[in-house]
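Here come two complexes built around chain A, the first alongside chain B, the second alongside chain C.
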Partner chain A sequence: MSSRHLIYASFAHEKDLLEGVRALRRAGVKILDAFTPYAVHGLDRALGLRPSPLTWVCFLCAMTGATFALWFEHWSLAIDWPLNVGGKPWNSLPSDVPIGFELAVLLGGFGSVFALFGVCRLYPGKRARLVAPRVTDDRFVVVIEETDAVTTPDFVHALLEPHGVVELEERLAEEKQPW
Partner chain B sequence: MNGYGFLSKGQATLFAIASLCGALLIAASILLSLTHAWGNLLIAAVFLVTLGLGGAMFVAFSYVSGAGWSVAFRRIPEAMAMTLLVGGIAVIGVLAVGIEHYHWEPHGEPGTFWFKLMWLSPQFWLVRAVVYVGLWAILAFAIVTLSRRQDRTGGAELTLTNAKVSALFLAVAAVTFSLACFDWLMALTPMWYSTVFAAYQFAGMMQAALSAIILLGLALRKPGRPLEGIFTDEHLHDLSKLLLGFSCFWMYLWFSQFMLIWYTDIPEEIAYLVPRTEGAWGAITGMNIFLNWLLPFFALLPRPSKRSGKIAGRIAGAVLVGRWLDLYWIIIPSLNHGHVATGGTPVVGIAEAGSMLLVLGIFTLLVARMFSKADAVPSADPLLQESLHYHL
Partner chain C sequence: MSEVDQELRPPLVLGDKSLADITDDIAAPMVATPSRLWWFGFGLSSAALVLGVAAVSYQIAVGIGTWGLNRTVGWAFDITNFVFWVGIGHAGTLISAVLFLFRQKWRTAVNRSAEAMTLFAVMCAGIFPLIHMGRPWLFFWTLPYPNYRGPLWVNFKSPLLWDVFAISTYLLISAVFWYVGLIPDLATMRDRSRPGWRRSIFSFLSLGWNGSARTWHHYETVYMLLAGLATPLVFSVHTIVSMDFATAVIPGWHTTIFPPYFVAGAIFSGLAMVLTLMLIARKTMHLEDYITLSHVERMCKLMLAMGCIVGLAYCTEFFIAAYSGNAYEQFLFRNRAFGPFSWAFFTMFTCNVIIPHVLWFRAVRRNLLAVFVVAIVVNIGMWFERFVIIVTSLHRDFLPSSWSYYIPTSIEVATLIGSFGLFFTCFLLFCRVAPAIAIAEVKGVANVKKAPVEETPEAKEAVA
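Up next is the complex of A and B:
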């Protein structure tokens, strides 16, 4: 895979970052990602991010958990080895509901967390690769890909100058996911 | 302005006719069954007073938690809180004429029942209702008055004062609302009790109050109305989220109460559930769960439907019907003492239609009137800007 030219633009304030991102998008520049020390309100909208599919992962996992629990309770208590508990009918749905609820929460929770880890390529022992050290403290970084001949560091700098960009750096990235 | 706030003259007439029809239908239903008519009046009165209390609690929660997002449309729950006195007087009146429906006398054996005997003596019981309503009304009016005074004086001090008044209100309301639920609803079956009953009613109350806020917000943001451009999709989104949460909370408590009674199957406890789940009442139970949880849960789960006035508004309407049905499910079977085993047959007749129309008409007219008595937006609230530019 050929190496890619990436531009790392740093801002000192979240307002500058938001305006910078909007200016870049207006100019049709491709933004790969943005890195901030904390969740910046409105950044997802400024970046034009699609709504996260994580909610659907959570929902489907939760429904799987509930269905599995209800089916398993019914099968084990009423079909495979019928148990008389308090003289209730074999197939007593009310007694199955709490476990169904628990498993829905459990699978929904774990499903979303592990899906998030998978998407972010997070695993135990992973070495943090920061796009800039100060991104965990007081810097806001936007990563831009040079997709065409127009998108040069000079061009980006001219775009971001009015929005208070404090640092602009061009790097070569070998991997598909440089962070 | 014709005194009915955001309602046009035609709409105000329509709601007035609805309340009148409701009252006439209930009056007519006395000929069929006095007990049934009274039960439906109790449903309407409790529904009305809890809409007011729910609105007041919403305002108090916002102040206590320092919430900024809800400031822009705070005049809606404030207007709801101002209806508390009417709802409270209605409930006291209904209780006063219906003491005989609280059948505690036949159960007055000595021994373990002595406390209930004292607690449920008709005089003490009625005086308590006055005390509850009085406390709610005084504290809620204090909060609303301070909020309105801020429009003229400005400054952040009143917000801080109101946070303290709200904390007091919440502490008082938590206790008195629990007791009110026991007194007004649970005491209809004096030998039966449930420790989650008040929490279950709190969930139902907040569900209904949030639905009312959503519907009023949607009505008030129509072009030309006072909250146009102020009540945004962001506010709707958060209200829908709260509605979704309180629906789940309601279901959780409803089921907690149901399952433990069903599981242990003790005669004096199950005697409450049998008339409410057997036969045709089983369908009412199912409908209750559908309207209060199943429908709002699955319909409001996706993000776009929380932000859509069309979907969220319809769900809010359905939840309000569900709240009515929940009260019906609690109150009516207790009144059919001749048919304890079956709870009688659930009737949806003129008395039921009457109590629905009565709540709809009176509440809408009252809220519209109360809303028009103050500025539509708390213009001097220090958190107003945050609320106007609120983004999730």
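Up next is the complex of A and C:
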């Protein structure tokens, strides 16, 4: 893959970042990603990110947990070894509900967290590649790809100047995702 | 934080701070040498822990005949401690999950330590049923695994088994919730520590976090999902704990009010414990700008609200006993208040129902010493609540010839002290190894200093 030209624009404030991102998108500049020290409220909408599909993973895992628990409780106490407890019916559904609920929560929680790790490629021991050293402290960075002849560093600088950009840097990237 | 909020509400973080200041302030106690106060607390709590380990080893070796149980009181100290510790954990989940769903931004100052408290409290709670098994090495018999006895499955219709699932799920989900919340902060700590073993550990645990907006986007979704799952979970856990009692046919236990009554009591006691720890952490770790008086005040209001619910539940129990026309129920409640354990009942009533009402006064809520005393009093009162519910319902049963009194043995008391030792040892270690306040969350709600940043001019010209 041929190397690409990327522009890294740094901001010091959340508000500057949000306004900068909006200005870039209005001008039709392609933003690859933004890096922030904390979850900036409204940045996902400013970047035009679609709602995370992880809610569905959570829902499916939770349903799997509940279904499995209810089936297993029924199978073990009503079919495999019917057990008479206080004269209750063998297939007494209400007493199966608490464990069904707990397993739904357990699988839903773990399923969505592991899906998060999978989708975002987070794993123990992974070497973090930071776009700027202070990005986990107090810097907000937007990464822009120079897709055409118009998107030059000068053009981006002119666009972001009124929004308080503090640093602009052009880097060559060999890989598809250099972070 | 939106601008409207900034104008209408007092700031959540005091002192004109920049983002870097926030990181520095919260990371400072982790790198500084521990203060003498810390060492004193650590020494005391680890001594208590050693005492507890000795007591637990002794009662496992000799058997639970070392307890003060008798013919009628077959459940007493051990289960009291179990319910007490599970309850303590509940405030952590309330703060981290329920207040998150209600968009209470002030929770960011306390959620991290409250969640840690939840984890340690549930760990302490788990010890008690394990010991009570008598043969704790056979604990796996509570799990439904294919075995050579039939296979004979566990009894899924028993609330005690529901408890096994509820408490394990609660512990695991709390741990995951806590860890997911920690990841961005671990990354922050990784990037500010010098190369060495500390950095390697932070690096390993922060999973290569780089602050990407796409990651944050998924992360926020998962965080909300976990909060949404943990909220009904926390209610289910104490509901199931209460069903351990409510499904029995013992007067004093067999009531439908138990689930909401237990949940409110759990959150009440947990808030008292959070306040206790928060006030200590604030002072010893110099976090006064983050855990402000207004945070303490809000916690007090929550505690007062929960205390009122608990008081109402006590009164409702007495009213229903009187109104039911059931002679056994009526005897039990007369005996609970005026029988041999009336001292325990009135300790509970004074601590939980009367004293918390001083929190109606703003001056008390803003007086840290007064708040600390009230929190300790509520902790004591809530421990006695469980003791009263359990012991007074059992000690005088249907057969007057078997009536008895219950006195805990030194072994039981040592185990309780040991559980406090475990809890505080873990908490003090936590304060040293992980950021005690959620850095990334506090940054999101702070009024950050808007002063122009000094930036090298050549950086701006880098484009040229």
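Quick notes on this one:
Just so we're on the same page, the second predicted complex is superposed on the first by the 179 of 179 C-alpha atoms of A that agree within 3 Å, B and C clash if a C-alpha of one lies under 4 Å from a C-alpha of the other, contacts with A are read in each partner's own complex, and residues count from 1 in each chain.
Please note the rule applied: a contact is a pair of C-beta atoms (placed from the backbone, for glycine too) under 8 Å apart; a residue touches a chain by one contact, two chains touch by 3 or more.
Note that this is a predicted model, so its numbers are computed, not measured.
Looking at the shared chain after the overlay, A:Lys126 reaches chain C, while chain B stays out of its contact range. Applying the stated contact rule after C-alpha superposition, one finds that A:Glu14 touches chain C and leaves chain B untouched. When the two complexes are overlaid on their common chain A, residue A:Thr136 makes contact with chain C while staying clear of chain B. Touch criterion met: A:Ser95 reaches chain B and chain C at once.
Looking at the superposed arrangement, the partner reaching more residues of chain A, out of chain B and chain C, is C.
In the superposition on chain A, A:Thr55 contacts both chain B and chain C.
Looking at the shared chain after the overlay, A:His41 reaches both chain B and chain C.
Taken together, the two structures place residues 41, 51, 55, 86, 88, 95, 98 of chain A in contact with chain B in one case and with chain C in the other.
On chain C, the positions that touch chain A within their shared complex are 18-20, 23, 144, 150-153, 155-159, 161-162, 165-166, 169, 172-173, 176-177, 180, 183-184, 187-188, 190-192, 203-222, 225-226, 229-230, 232-233, 236, 240, 439-441, 443-444, 448, 450, 453, 455, 459-460, 462-463.
The residues of chain A lying in touch with chain C in their complex are 12-14, 33-41, 43-44, 47, 49, 51-52, 54-55, 58, 62, 72-73, 76-77, 80-81, 83, 85-86, 88, 92, 95-96, 98-99, 101-103, 105-106, 108-110, 112-113, 115-117, 119-131, 133-138, 153-154, 157, 166-170, 179. Across the interface of their complex, chain B is touched by residues 41-42, 45, 51, 55, 59, 86-88, 94-95, 97-98 of chain A. Residues of chain B touching chain A in their complex: 255, 258-259, 262-263, 265, 301-303, 391.
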